[in-house]
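Note that the chains are named A, B, C, D and E in the order they appear, and that numbering of residues resets to 1 at the start of each chain.
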Amino acid sequence: APKELRVLTWEGYADEPWVKAFEAKTGAKVKITYTGSVDEIFAKMTASKGEDFDVIAIETSSYKRLTQEKLIQPVDLSKIPNAKNLLPAFGNVSAIVFDGKPYAVPFAWGSIPLIYDKAVFAEPPASWNVLWDEQYKGRIIAMDDANNAIVTTALLLGYKDPFNLTDAQFASIKAKLLDQKRFVSTYYAGFDDGVSIFAQGGVDLMMSMGEPQAPMLRKKGLDVGLTIPKEGAIGWIDCWAISAGARDPALAHAWIDAMLEEDVGTYISEKTGYGNTTNAAANEAIGLTYADKLVFLQAPEDFARRIDLWNEIKATPVE
Amino acid sequence: MTSLSSNGADAGMSFRNLIHLAGVGKSYGAVNVLKPIDLTIGDGEFLTILGPSGSGKTTILRMLGGFTPPSTGRILLDGVDITDMPIFERPFNTVFQDYALFPHMSVAKNVGYGLKMRRRPRAEIDAKVADVLAMVELADKAARYPAELSGGQRQRVALARAIVCEPRVVLLDEPLGALDAELRRSMQDFLKALQRRIRTTFVFITHDQEEAISMSDRIVVMDHGKVEQVGTPKDIYYRPHSEFVAKFFGENNILPARLTGAGASLAAHSPLGSHALSGPAPADAISIAIRPESFCVGMAGKSADDQRSMTGLLESLTFLGATTQLVVRLGEGSPHTVKVRLPTPDLGSGIGIGEPVPLRWSDADVSILTA
Amino acid sequence: MTSLSSNGADAGMSFRNLIHLAGVGKSYGAVNVLKPIDLTIGDGEFLTILGPSGSGKTTILRMLGGFTPPSTGRILLDGVDITDMPIFERPFNTVFQDYALFPHMSVAKNVGYGLKMRRRPRAEIDAKVADVLAMVELADKAARYPAELSGGQRQRVALARAIVCEPRVVLLDEPLGALDAELRRSMQDFLKALQRRIRTTFVFITHDQEEAISMSDRIVVMDHGKVEQVGTPKDIYYRPHSEFVAKFFGENNILPARLTGAGASLAAHSPLGSHALSGPAPADAISIAIRPESFCVGMAGKSADDQRSMTGLLESLTFLGATTQLVVRLGEGSPHTVKVRLPTPDLGSGIGIGEPVPLRWSDADVSILTA
Amino acid sequence: MADLSFAAPQAGPMRTGVPSRRRQLRRIALALVVYGLPVLLILVPLATFLLYSFWSTADGQLVKSFTLANYIDFLAKPVYRSVFTGTLWLAGIVATTSLIFGYIIAYLIWRLEGRLRYFLLLISVIPLAMNYIVKIYAMRNILGYNGPVNWLLIQIGVLDVPSKAFIYNQTAVMITMAVIYLPYAILPIFLSLERISPSLMAASADLGGRPGPTFVHVVLPLSLPGSIVGALFVMVLALGDYLTPQMVGGNQGFTFGRAIWSQFGMAFNWPFGAALAVVLLVSVVLIILVAAAISRHARVK
Amino acid sequence: MTAAERMTITLLWLIGALVFAALYGPAFMVVLLSFFDISREGIDWSSFGLQWYARLGDNPQMLAALGNTLLVGASAVALATALALGLAYYMKTGVRRGRALIELVIFLPFVLPAIITGISLLIAFRGLGLERGLLTVTVGHVVLVLAIIYRMVTIRLESLENSQIEASLDLGANNWQTFRHVVLPQLRSALVTSGLLAFTLSFDETLVTFFLVGGDATLPIRLWAMMRVGFTPEVNALVSIVLAVTITLAVLGAMSLKETMARK
């Protein structure tokens, strides 16, 4: 039987050009399962003890949990010659290193920026505070993601370590988010979800889940701008990791190696609007020049607590 | 002579016309199940429809009730055409062959349903329901549900439900079919008494000829979707027009007959002798009928004008309870036998099988079947 | 004297035992619907179960067929305990009270079903089905579906379906209930003839006492889940043990009686005089029974030893076809009346309502009801 | 008439005595399959899993010792309690709406005859063939700010500017769920109407029952139990639906299903999630039992 | 009919028409979008084209997913029907102890949130060493739809007279033959309707499928993931085609169904 590689990833991270090339090169068959949320990856990986997949792509804040639960295994960089292509900023991401061993390889990145309708804002809004502005009540949408909401609010409130919050900080963030709920029309779930709600009309501002939303909106005929407010914004990095239950670790390494080909990175940036980790020029071409203003995600102190808080926000009725 | 009529049969024709079936017939697709009939039903009459299974009895009832539209003809009530009147406006009530009790209502609720539909006051409903349930001997079952009753009990509920509204016509499709003999007899009395009291027209289907005779003002005899004869019980019993009626209506002896003469001297010759005939000569071979109970055994007794006699041979003898049946061959070597029915106690003097039996009958009891 | 037995009743006890119900009883939860009975059914016997609605007739049949397990007792077939034998292995076939025809099969398919289950060749199935459909006069309905038949036609299909397999015992739950008089009589003849020819045991439920008498070797009379009396038709007709049997089994006159004397001089006194009693004295108030047809009217006729007479007053008179019924009050001011049934032709001499009626009867026809 | 060729009386296939042991074995084997399969396929996995609800987590690690803490937590945390009741209420309203409109549709179809009847019945369930995610998207377009509903209302002059009243709130969730789940109610309701014997309708008419009263006293009571089953079916679907509220519910779109789901992702609080699931399960079973008891009590068969 | 009754019925038909319009709103929308572009300004009528239908052919992933969905649906319905039938008939033909309990068990997956069913089945299959794939998805769907089929079959069975079964046994048919010749034919319409319902549930099932699926996706799984970045317009074309095929089948079905129903 031909070798088989089982991939759990996001739409757009395993597109035909490089999947075909990989299959041709290794003679393996690639079976892709697309996921809709980090939650799904967690639930499915936990329930199957990692047996169902060989490689997965997930962002940095998750790795502490994944290694703790022994759902992934360390990567052997010596089997990934293309690791040399990694841009310096992504050569040493601390959130994916445990006991000195790397558990993943960065692949795509982006931010959680603010997107606004240029017809309403002549100038880009300077602060996240605009999401608390009575003027835009009911014309704001935000993403439904506990960690992103809490970290961004922590940045707004000026907390030093948004990944290790004190009880008092938790309380303030909760109050702040509850206060915001009045202004928010809806919490959207995915890239397209946000875009299509925005495009339907009646929306001026969106807490975005990533750069690709801006070109998507423009394609729908909206003149929108994207900005990183002065308080800074979250930066996320999706990395490839090898599942604990990988059947053919060598093949898994080969996949990751293939993902670090420069043309894959180029494609990622050009076609989808994400930052890539191998071609700086392609990043600049789409305006991803503000990596220094971003706070890259790390594992938070207590996910469960953050999710409880977020559930509470969502469950609390507003007038 | 004492009048035999204790059931108003002789008054049968004095009813005011209530319903008129004018050329009413029914076909399902290409199959004709009821040939067009003309029938008048009197106001207050007890009319029975009698006929073999599948002869179209239920079909007539369903058209009267409005459940099935006739294929041809009109139905008139008091001269008004009601052929297209909706069921619920017809002042008729039906006892269905399959009961059609409401499974989700108690017996009392079932019986009270019609009154409730007519918006009668609650107290009146309760009182009438209690009365009629007592009549059908179900007073103690008022709170039960149909599923908890036996077949006979269910049918009595159906009966109670139909009569409690005192409709102008009650349509009954074999309402006594499932009852045991004892209850059946008392329900017959009850029905008949009720009918007399409320002077309501009853159209009644039964299979039981004795029931038909004892209850009806008139009887409609049906066969194969065709009305064979309509008449009072006596008419039909004593003067059947056709072999079918003669046979169907209680046990009968049918014997072949030949025609001779014409006009006043027209006569029919049968194994029982020759019988005078009036009216126009029938077309073809005919037969005569005589009832088993019209025979007497023994020579004694006054010999009236039309008294006939003959000696036959006893072939068999069957005890039937109240009566005993003899099969008598009409003479040695004769191809014909007759059945003779005698009250059992009459057989005091023993006659052995094969021994001669002196038969006696009146010519008036012989019907000539021309239809 | 001529033997009245043309239906083998006297030979009833000569059957080899086929089935034995040993202490078979049935309760549903706390409700006892059949008290334990002991009953032997002969091989080739025609046994009828007769009783009012709800008396437990169907329950007995269902236990025989294996549809309901008895609560107590065992059922033996040829001495082998079959109480737990599955239905489909019992060599019995049933005609169900509600027909239980398969709605999705044509008449022919319904009738052929049992043969098909026994894997008989197609040609044989077709031939037998055609034969038996002809017998029940449904040959032309073979292709119809049950929903397209009249009630009576459906029941005939059920009958055909049960007999086509030639089982050892045929269980019939009121198979003739829905048939018209004519067909009913011919089906009775057919059933009886069939039963004689194939010498198959028939267990038959009916409401019709005349049917029970004319067809059965023995009759089981039931009431309220209890066997009231088991015996040949003559036994039960002439020697009812209880008021219930006397009443249920055809029309009967029941009159109260007082006991006097003891031992040999024990006698019962009723409005019809005093009647000698043998056997142990019954505990309490008793009654006597005499059938309406046991009376004669008129003083003429041989006066046998036990002949009695009395003059009553005519209260009413009803024509019933073959017979006429008189209600006669036993003397002016008497609280008691009797029903008298005479063959209709006997009423040659007219008696008016209210006029005296000379009654005559034989003391042998009086039953003393002690149970 | 008497030419039925009865062969020698043959005593059918009598196999008394011997096979009763084999039969008994077969019976036991059958019972084993019948009871065993659901137990193995459903009960064992679910029961094993629901055991989690009696465990706990500490520092993101599972602690496998018995505790009722999760249930106490549920009662103690007002958020989950109110989401729970809110979701029940929402599903109840969706079920009621589906019952009412489903009944109207089923009743109208039931009154038809012949070909049209079954054609319309099929037409009413065909929308089920459309993927439900796609359907939710389409509903969001329809109800949206610039969607056809607003367009229509502006065209006929009811509105001057598009309204947000139809989208991103509870109303939108109810409308969308009702549209999606209605066909699931129509079918059982139609089937329960169809089981009513025509002779009962005839009897009611015969007793003077006009169409209206006949409906109230005969049709409705006889079809209601089946209809309620259909409504419960919808209710269960609505309770479990976690996409619709998310997609069209806006900031009012948080439901119990999503609360449960959130425990199995990054929160990694499986024990609490399992406890929430048990709470939901027990409530649904209770609702069904109560409905069954009511319909039994109503004596409707 | 009185005027009031006629008005009531007319009113009901009006409501019915609105409800039908609502039911078909999404379908209408999707079909429209499969032919035209839509923007903030409304439908661009000049954009009519069949390109999305044409592009479907270039999207083997999506077509394979549709194929998998149909395969899983058909197998799951077939298996669940067999199981539900056997179970329902077994319960019908005797006083069975534990009936209520088994029925509750069957209903569990139906009333539990899909994620619970999904995760617990995944854990169980992993324990059994059963490779995740279309087979495990099928088993998962069987578990999910069993309750509906069982329920509908039971309702029909309850209205089947006991004497029908008794008559068949009495005529010498054993339990299996009785089931085959008497019970099954009379369950046909219940089986068809419950099978259709079950199929549509399987056709849309996403969450349980997500946990049990291997590399071969079903259509809802594909759509579920696509949802994050948006559907390509081919989706509308695909859904339109599925709808068109279903309606055609339904029209054909209505004809034959009517005949079988008329027989009853």
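Please note the rule applied: a residue touches a chain if its C-beta (ideal position, glycine included) is under 8 Å from a C-beta of that chain, and two chains touch if they have at least 3 such contacts.
What you see is a predicted model; the values in this text were computed from it and never measured.
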Partner chains shared by chain A and chain B (touch criterion as defined above): D
Remotest chain, chain C as reference, centres from CA atoms: A
Inter-copy rotation, chain B to chain C, in degrees (Cα atoms; steps of 5): 175
Chain centre separation in whole Å, for chain E relative to chain C (CA means): 57
Approximate Å spacing (C-alpha centroids) for the pair chain D, chain E: 13
Centre distance in Å when chain A and chain E are each reduced to the mean of their C-alpha atoms: 36
Two or more partner chains touched - positions in chain E: 1, 40, 115, 119, 123, 172, 224, 227, 231
Junction residues of chain D - those touching two or more other chains: 12-13, 137, 141, 146, 210-211, 261, 264
Junction residues of chain A - those touching two or more other chains: 37, 40, 43, 189, 193, 196, 200-201
Chain A residues within the chain D interface of the complex: 37-40, 42-43, 46, 62, 65, 68-69, 138, 144, 146-147, 181, 184-187, 189, 193, 196, 200-202, 302-304, 306-308, 310-312, 314-318
Complex contacts: residues of chain A adjacent to chain E: 4, 6, 10-12, 31-37, 40, 43-44, 47-49, 51-52, 189-193, 195-196, 199-201, 212, 216, 220-222
Footprint of chain C on chain B - complex, ascending: 1-2, 4-7, 50-54, 58, 97, 150-153, 174, 177-185, 207-210, 213-214, 233-234, 237, 247-248, 250-251, 291-294, 296, 302, 316-324, 341-345, 347-348, 350-353, 362, 365
Contact footprint of chain B on chain D as seen in their complex: 197, 199-200, 202-211, 213-214, 217-218, 221-222, 298-301
Footprint of chain C on chain E - complex, ascending: 161, 163-164, 166-175, 177-178, 181-182, 185-186, 263-264
